[in-house]
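The structure follows.
Chain IDs A, B, C and D follow the sequence of writing; residue 1 opens each chain.
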Amino acid sequence: MNYYLLIPFLPLAAFLINILFGKSLLKENAHWVAILAVAGSWVISVATLIDVTGGKTLNQDLYTWVSSGGFKASVGFLIDPLTAVMLIVVTTCSTLIHIYSTGYMHGDNGYYRFFSYLSLFTFCMLMLVMANNFLQLYFGWEGVGLCSYFLIGYYFNKKSASDAGKKAFIVNRFGDFGFGIGIFMIFLTFGNIYYEPVFSQAGAFATKTVNFLGYDVHLMTLIALLLFCGSIGKSAQMPLHVWLPDAMEGPTPVSALIHAATMVTAGVFLVARCSPIFSLSETALMVVALTGAITSLFAATIGLVQNDLKRIIAYSTVSQLGYMFLACGVGAYTAGVFHLYTHAFFKALLFLCAGSVMHAMSGELDIQKMGGLKKHMPVTYATMLIASFSIAGVPGLAGFFSKDEILWLAYSGPSPVGKFVWLIGTFVAFLTAFYSFRLIFLTFHGTFRGTHEQEHHLHESPKSMTIPLMLLCIGAIASGWVGIPPLLHGGAHFTEFMKPVLGHPEGHGTHAEEWMVMAISVAVGLSGIGLAWFMYVKRRDIPVKLAEQFSGFHKILFNKYYVDELYSLIIVRPTIWIAKNVLIGVTDARIIEAIVNGVPAAIGGFSRQLRKVQTGFLHHYAIIMAAGALIIMGLMLMRSW
Amino acid sequence: MVPLNWYLMLSAAVFSIGVFGFLTRRNIIIMFMSVELMLNAVNISLVAFSHYLQDLRGQVLVFFIVTVAAAEAAIGLAIIIALFRNKATAHVDDMNEMKG
Amino acid sequence: METNGMGFPILSTLIFLPVAGAVLLLLIPRSKEALIKAVALCVSILAFVISLPLFTAFNKATHAMQFVERQAWIPAWNITYFLGLDGISILFVLLSTLVTILSILISWESIKNKIKEFYISILILEGAMIGVFCALDFFLFYIFWEAMLIPMYLLIGVWGGPNRVYAAIKFFLYTLVGSVLMLVGIIVLYFHAGRTFDILDLATRTYPYQMQLWLFWAFFAAFAVKVPMFPVHTWLPDAHTEAPTAGSVILAAVLIKMGAYGFLRFSMPLFPEAARAMTPVMLTLSVIAIIYGAVICLAQTDLKRLIAYSSVSHMGFVTLGIFALNTQGLEGGILQMINHGIVTGALFLSVGVIYDRTHTRQIADYGGVASVMPVYSSLFIVFTLASIGLPSTNGFIGEFLILLGGFTANQLAGVLAATGIIIGAGYMLWLYQRVFFMETNAKVTGLADVNMRELVTLLPMVILVFWIGIYPDTFLGFMHESVRHLIERVNTGGAPGASAIAKTVTEILQ
Amino acid sequence: MLPKLFFGWFAFAIIALSVLVITRRNPVHSVMWMLLLFFQIASMYLFLNAEFIAAIQVIVYAGAILVLFLFVVLLLNLREELLANRFINAWPVGLVFAGAIFAGTLSAVVAFVPNFSGQYTVDVINRETHTKALGQLLYTDFLFPFEIASLILLIAIIGAIVLAKKRMRS
């Protein structure tokens, strides 16, 4: 089972080939290398999945990466059910999006560059999910962040794009700051940063407390929360969610791959991977659950009023990621990962459809300027509709099963905040259905509201784009079928498959309760769709009126609760101000430089006075010399007396 | 027999006259000659010492002083010529180029 | 004369070959510019080639000095000509020989006046730098230490920017004030230890605690200025900004390493108790330097000045690692010195490349360079990322080990220092965005991409960035034994078994 | 008594001539008085059994150095100087200093009594002849300073030429 090595290194090879030879040799054929590599990875991943279902796991070091004193970290691979599922998610989405990109990016003058970044991203993401120690995880973690930086800022001549890329990287660094310290704490605690020994010894520290920066804190809570900082940054949770909406400056396939299906779910993956640590701390779990719940609600409310096609989906992503954390927080890691897995398909699909729409609209993103597109782009419409049904939780589709499992486990699970987050989750399900269909109705239904020129150009996208749409659509429908709960006479295969790694909490509730939770979730989903239809198809005047009636609230929502402005006001501007006016202006210039230049200046001033003694007149010197001679003579005479 | 002190007193007198000349004359050539005067005063005392102490080393010193005086005169006068060529004056209080 | 196992005095050759090259240059008529450059380049390459066997012949299993050369020099004062390398110093010798080649290459066209003197200065500087790292006799060390100043002073003062004289004098005086205090310290040691300048011998003795403290601060004055540590850093921005590219590169890559090297070679083994006692102060100063330098970078408008201040921040990491006094911190610190030499050296080389074309250092004069100079931009991003410590680049390995060591030694220091990484990403990416992204500035349109010579100059740095980032063991392997020995000395020197640092929480708990 | 009379004459002549040298307005006159002064000093040296030094005094000082002075004075053509003040305005200060130095020196030498006797008594010198005795000393014990003196003279010659030479290019 050594062929697993090829999974990450095929994309790496593709990256190297493209970045070195893409510009001069490959040019318009750059995609072939990338697609072949990632498709190869996909094939091997499938084979790996089959191996893992057969019960095989693998934990093997390739070589020692860093070793210093007692510290050792290697490049190594751990393949277990969690990794296998992530491999499938990553390689499948990546392959399809690579294919889609050949159409979407056609004719772009950075074609080779785009594909080399995609390959690099795939490599880093695979390194991340296949790691067997925290340092390699961190490598992948930062690596995908880097690719995200490159790809968000792909159109680097645009200021907004390069700003967004930079913002994504720096905001993530805030999260990684905690993550890094988490790794230090793990090393200090276990003397080791490999998953296997760390997780197996974690139980021994369940009740330990440790002094951290002068406070006595519960050790496992501390480690879990520090690691969770990383997750917050990478998965765009409150309060570090600000980068993800801006990240939509990147090309749409990038949004689909990185900012929906794979990279942003790395945070969830981290929590799931470290479930043995998180499970030891009720406080940490509660924080995770509440962060997830609040973020999902928060992002969903913003999503209600946005007009930018991609930003709506981006907020939806933030919201759904919150959902996954909510699941992990109530101890239902399997449900979280299950949602991660179904979400990858339907959210990637949503983005790719949005890309297809943009393609038709020559880059226009304002949904208020669209409408009635369904007759021009039937395939896009159909697939996007299915994806929206899936996210809204319509029974039978992928999103339904994963969302239902989360809500049920939140309701019935052991978590003390379970009922509360269930309530929020259900409400968010309603909002999700509403804004998803607001998007559908405004875009595809009604009459076209853009310019004539745009209308003239409307067309269905090329085959290279629609085929991936259709393939992903299959995923959006069917990917949930591996996890049909026993209540619906399914086998819950997914849960069973994951159990050895993640464990699984048993819901404590009757069948009646389970039916009730499911019914409520379906009901709120459908009513959300209904309300959207009512407001954006039937009575188009209501949204305007509502916006006027609650103009204050609408403004707050529309401006995303002013979080960006707040950060700028309390972090960015004061720091720059201090740098300019205090450090450069006062400390360096007025204190240190004043001393450094002041001492020589004082000496200089003294010598300027002193040099007046040098009159240049020979007689003055002669007199002084005579005086000197006299003094010496006087001293000699005095001595002899 | 003339006592050594007399020679020394003579030397002191000549030396002081030289000092006075050096300190007060404006003409650089006369100042220079005052220096020669001082050197001669020293020579007188050295020769006198040599005679009274019955040691020739004093006279060896005189020999060297004469050498140095010759060298000094050559260089000094050359400087004076160069100076005069530029400043057209031999009065030292007209010169303060070395003012700090 | 002790044998060094190489069959010939390799270290002396390394020191004096460049000096001989400088003498050779002296004999070439100044009109033959091409010949002067060629000779300088050949000499530097030859020195590099000679230094390569050090890399392979070095015995990693011992902390003892290797390639030792020892000869009585001034017997009356018991001064010997004593050279040798251990795991701490060997990498710096290699770095010096490499960087010299690159700085000669980068100056190929940008230096147009007094060419002969320029290359003579660089070659003499190379000899002195190698001498500093090899010297094991205090007297010899001090000679090289001061000899290094003169060519650097000339490089800044003669071939520098508009404000070069101020910067050069500032550099010189700052360094000299520090060195003089060190000289006093050396003389005190000399007499206290019964008239010996032998560093190895001195480093095995015990000194009274009060004396250790005084001498520690005397040496601190010299080394802190060179590093430069927080309150004495203001010469660096001026020197870097005004120096010609080659000067900045050598300054950043090698010269400022000597401060940290001094801490490792002298302050710690000679005054272990004082070093232990002063750890809180040093950690505080390091953390201040990290944050202070980084925050100042956020408000810089001058390319070279920004990189200079980032050096203050990065060298803060180095001193943090060194004074963490544990294996990870020390090895990380030493590796980070190499890394900083490579990365900041490369950044200055890169800035030199574009400065040759535009003759402006103002960030506002750039923008959109990535569209006109794609290859250059790719190289620059590699160095940018290495500078902000992205995993798989060398910066990551160094910073991670330092932070791990720092955090182990003092949690607060580790946490505060880690904020430097956030700010570091902030200013470097801001710089990169302003220069390479956004709309193409009129001043950069039509610039030619890097030519072959510049590519050859920058490529070794790219290779090293990834080599250390991906397989750091090649370099860390040199240090293990020497660092272990050093920690032993620091922890047990003076009062045996005084304290054991680097406890894991596990040990505390059990 | 006779030696004291001679000494009195020399002392009087030397002091008087010295004063004349430094007070003349015209440097040419000063040089002339100095010439006389040097002859007086040389004669006094004869009374101190130093024939060779007396010879040098006449040949080198009077013959060479003073002639040099004279040349320069004539070369410079100092007509305006002859009309200006001879002394600086603050000449009393000079007088005070010179007087102080005289007083100081006098107080030191007035009570000086020689209490050392070397090997070169008058008889020895007379037997060996003065020039030979001095020569032996110069070429043995003082050989090295002697050589240095020759170098100094060489340097002085070259230096004087370089300094006094008219600059061709300026």
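The definition used in the following text is that a contact is a pair of C-beta atoms (placed from the backbone, for glycine too) under 8 Å apart; a residue touches a chain by one contact, two chains touch by 3 or more.
If you're wondering where the values come from, they're calculated on a predicted model, not measured in any experiment.
Each of A-D and B-D has its own count of C-beta contacts, and the greater count is at B-D.
Averaging Cα coordinates per chain places subunit A and subunit D 100 Å apart.
In terms of their C-alpha centroids, the spacing between subunit B and subunit D amounts to 7 Å.
With centres defined as mean CA coordinates, subunit C is found 37 Å away from subunit A.
Here the CA centre of subunit B is 61 Å from the CA centre of subunit C. Subunit B has residues 19, 23, 93 in contact with two or more other chains. Looking at subunit C, no residue sits in touch with two or more other chains. With touch defined as above, residues shared between interfaces to two or more other chains in subunit A number as follows: 619, 623, 626.
Chain contacts in this assembly follow no simple pattern; the graph is neither a line, a ring, a star nor complete.
By the touch criterion stated above, subunit B contacts subunit D in their complex at residues 1-2, 4-10, 12-21, 23-27, 29-30, 32-34, 36-37, 40, 43-44, 47-57, 59-60, 62-64, 66-75, 77-82, 84-85, 89-91, 93.
Across the complex, subunit B meets subunit A through its residues 19, 22-23, 28, 31, 92-93, 95-100.
For subunit A in complex with subunit B, the residues that touch the partner chain are 611-619, 622-623, 626. Those residues of subunit D that touch subunit A in the shared complex are 88, 90, 93-94, 97-98, 100-101, 104-105, 107-108.
Note for the complex: subunit C touches subunit A at residues 170, 173-174, 231-235, 292, 295-299, 326-328, 331-332, 368, 370-371, 374, 378, 385, 390-392, 396-397, 400-401, 403-404, 407-408, 411-412, 414-415, 418-419, 421-423, 425-426, 429-430, 433, 436-440, 470-473, 476, 480, 502, 504-506, 509.
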